[in-house]
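Look at the two complexes coming up: chain A is in both, with chain B in one and chain C in the other.
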Partner chain A sequence: MVVVQRKELTLAERLYLPEVLRGLSLTFRKFFEKPITRQYPEEPLPTDEVTRGQPRLVVKDDGNIACVSCGMCEIACPAYAITIDGGETDRTIEREPKKFEIDMLRCILCGFCEEACPKDAIFMSNELELADYTRAGLVYDMEKLKRPKSALQRRIDYIYKLNNRWRSKP
Partner chain B sequence: MDGFNIKDVPEVVLWIAKIAIIFGGLVGTAALMSLAERKVSAWMQYRHGPNRVGPFGLLQPLADGIKFIFKEELIPEGANKFLFRLAPALAAIPAMMTIAVIPIGTVVIADQVIPFSIAQIDLGIMYMLALGGLSVYGAILGGWASNSKYSLLGGLRASAQMISYELTLILSILVVVALSGSLDLNTIVDAQREAGLWNVFTPFGFLAFVLFTIASFAETNRHPFDFAECEPELVGGFHTEYSAMRFALFFLGEYCAMTVMACLNTTLFFGGPSVPFWPEAPWFLGILAFLVKAGFFLFLFIWVRWTLPRFRFDQLMRLGWKVALPIALVNLLVVGAWVAFTTKGS
Partner chain C sequence: MTKIQINGREVEADPKQPLIRACHDHGGDVPMYCYHPGLTPVGSCRICQVEVAAAPGQPSRVVAACRTPVSEGMVVSTDTPKAHDTRRECLEFLLKNHPLDCPICDKAGECDLQDYSFNEGQGKGRSSEPRRKLEKRKSLGDVIVLDEERCILCSRCVRFFSDVTKKPQLTVEGLGSRSVINTFMDKPLEGNYQGNLADICPVGALTSKKFRFQARVWNLSKTLSTCGECSRGCSISVEALRAKEVKRLRPRYNAAVNQWWMCDTGRHAMAPITRPLAPEGAVLGGRLRGAAVRGYNGLELADESAATALAADMLAAHPGALLVVSPFATQEEATTALELARALKATPHFVSPAANNLKDDLLHTGDPCPNRRGLTELGFAPIEPAAALAALAKAPAAVLAGERVLEILGHEGLAKLPTKLRLVAYDVETSDIPALDVVFPVPTHVEKSGHWVNVDGHRGVLNVAVPPPAGVRRLDANLAQLARKLAATPVGS
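For the complex of A and B:
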């Protein structure tokens, strides 16, 4: 059996009014402090390289996307959100995606595609906002997924730093 | 303003003007209080509060009003329809009517003094208490007519609490009546102005002021005594089943009652419209002083609400019957004896 030993209240505490005044002075002091809530649409969420937002495709500096449509991310995806149709290209890599779709309503932002990708072609961006009027509008095609490499550079550097732990020291 | 004489203006015009200003001011204050409640609570909790409708959210009460008017109204099955519809009006109307006797000050137009209150009756305090007692019918009838257990419990609690604290309220008002020797609120204000000493600064007056403030919180069903609407236990108390504008009317009544209580506190203990250390202050400063004092008490209502947790019902009853009432009784007896002995000769 648990016996709670309660402290005997002092006279001032039992009179209640002094404690009321103490409480009032506390709330009055807090009255003048700055609000800590964020006014969301005007003040967006702070993000950094650790933020695992929606996956985006890297567009290299020469204007081509890095993806070679190997299908690794498609297999790694636990939510079956990624659909890739490969095709031939005249570039030396020989293959590139004709269709690359991510169903953002299925995507769970786990980052497995980013881990699976052998060509540094897909990375988790810091974009978190997801809203549309139709379900079809939230199935993002290649044009919607493309981001220049510079926009994703912080995340790419971060992933390299993480992966360096597993590389053998020279 | 040459040749203007206030006697030339028909009395009816003066009445209508006064009623329009004072009643409009009361309802406007009640609407602003619904905004102030949310704003102050937000600032005390590091939040912003409503700030989307108009500058600083000032138009929020208007938006709320429009929303309430256009919402669907539900009347529960098995409810007594007549009483169910009557109750919100009974909650709101007495609270609004009591403002009529509060002396807000005087208006001077072309050297002619017009008392700025709707009615100057010599039984002002009796009138206020009688109508204030009526306002509990709104809660009881609303709770009973809803045919819901939570509403009924809320209504019962409201009535028990009102009866318990009305005694303390009246006894502490009687202290002021004994000190001023009148039931007329104008005379009470004048007595304080002439003595240059507000009732709150006299020893008996201060005790009565503390008791009156506590009882006024209970009378208006405000925290920490809001047992009639006690959300965690009773869902919403007596207004659980109400929706749309009838629900809003209960709140209008509550805020009007708070405003009147704040005005009454100002009148009884803080000299009403008298300006401190300046008995000959111009009339508009008097009205300003009244508004500032009443505004402070309105702020106090909100301030206490967002500071103190709710009592338990037995604690409420113990505080009312075993603490507040005996102190108020003894205080009144001592004041009575003191007044009787000091005014023996006259």
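For the complex of A and C:
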């Protein structure tokens, strides 16, 4: 059998009102402090080069896609989110993707694709939002994934810096 | 047999074969680029070097295993540091001018050079000179593209034409570092065996135009199968992208039939197995999606069991039916067709189109019936398409069964048949044949399992490489069902 020892209340506590005022004082003090919450959709989350958002494909400065559809990201993807079909081009690099699809509902934003890519063609962008009315709409095709190189430049520089740490010194 | 020692084990080796074969047979892991078991060894790549001593205790030296004959009592080590170092140095020279093309190269994933440099090579090149700049896309005829930069000059392709087809067409042109592979007088390659070059090339220098950039090889599922283009029945591997879409057909080694080779006719016979489906709800204009019966508006999709019942009733009401199966029918399908022949009291026939002019000394037999021998052994009589059409025009009813049977009989001839003929067909695709009453879909030969018997009596196996479209049942199941229904309602009742 458990005997609960009740605390003997003081007079101020028994009067009730002083305690209410003490609590309200905290509430009113917070009015004058800087808010720690965010007006999310209007005020987006801050991102930087470390942010691992959704993967995006690099379009080089000459307007061509950097991807050669080698299939490394497809095979590295632990969630089987990527599907690539390659084809021939007339450019010096003879291969390019005819179909490049990322199922954003499957993507777990792990960044393995970025790590596996031998051609610097896929990078994790700072885009985080993902909403649609249909599942099919979230299977992103090549047109939805393409981004100019300048839009991803911060991340590219960051990854190069990261990799350079492991490269042997000349 | 000669007794030798490989990596400390006493083994028996065939003295007629080079040392590399003995190494491979007894667990020695020796890489090879220029050596191919089907070609004369030349020892040009030097990657198969192993350490050999004439006898135990004798001084050893490093030799190319593909050019060294087996001799009594020799001591071979494939794994010593000396052998590894020599091979690694050779590899470094081979990689000196080999471009870092793996992301775009079709060979990546099944490339001997890639595999061995992954296992043994060093991560960095030590050379400071630029690599050779050569032609990346040199067309050698209709089948093969040559990438001169990737070539390691192993000369397998040169020897393929001189040893296997006996019509030399390729040569190593130029001297020293300027050597490249070229055809004589820049003429395009000829013959029906060019596709094999893409298979035997140990790197990605010779690639197939048809397969170029179609798929990454690790995404291909490989299924053992048999080629259906002639009665040779070469053993092949059907390779399908993500186990859905057949992308290429490649020979697989079979000492009794085709060894390592296959003709281009068989290699490129993709049209019959990659036929598009008919539009949703339609019967014509592509592969059949389900059973169809003749209604007021021509052929209409129908329930399979209702169509079988209708076919059985029709055949029972019109005795004297003709049974003609396709030359692509497997032994299993033909056995069920015999059951149907007994129920129909018909003589079993198979369509046997005339020989084509593709016959050669190597593999192609010129006979387009892959299962001629098997069907003949089961008691099927061959019948020419023209004779079959003449017999059909007189018959009261007929069953045509098997992949491509309508196509082989000829859609034009079939369209002229009298409409009073009760015609039941089992085929992958049909045209608008007025006499056709009931038609059932069948799987193609890469969508079913079974056997064919080739011209020499060798049984070739068929396996399911890609799933048949929804609603397509096995032909033997369909024929057995029809035979059972007919047995229940005897012919002529």
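The definition used in the following text is that the second predicted complex is superposed on the first by the 142 of 170 C-alpha atoms of A that agree within 3 Å, B and C clash if a C-alpha of one lies under 4 Å from a C-alpha of the other, contacts with A are read in each partner's own complex, and residues count from 1 in each chain.
Everything that follows uses one rule, which is that a residue touches a chain if its C-beta (ideal position, glycine included) is under 8 Å from a C-beta of that chain, and two chains touch if they have at least 3 such contacts.
In this text, all values refer to a predicted model and were calculated from it rather than measured experimentally.
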| item | value |
| --- | --- |
| First (chain B), second (chain C), both or neither touched by A:L17 | first |
| Touching partner for A:E129 - first (chain B), second (chain C), both, neither | neither |
| Partner chain(s) touched by A:T27 [first = chain B, second = chain C, both, neither] | first |
| First, second, both or neither for A:E143, with chain B first and chain C second | neither |
| Contacts of A:E42 with chain B and chain C, given as first, second, both or neither | neither |
| First, second, both or neither for A:E8, with chain B first and chain C second | neither |
| Residues of chain A touching chain C in the complex | 68-72, 74-75, 85-88, 92-95, 118-119 |
| Chain B contact footprint on chain A (complex, rising order) | 17, 20, 23-24, 26-28, 30-37, 39 |
| Chain A-touching residues of chain B, taken from the complex the two chains share | 40, 42-48, 51, 210, 303-304, 306-308 |
| Contact footprint of chain A on chain C as seen in their complex | 102-104, 108, 136-137, 212-216, 218-219 |
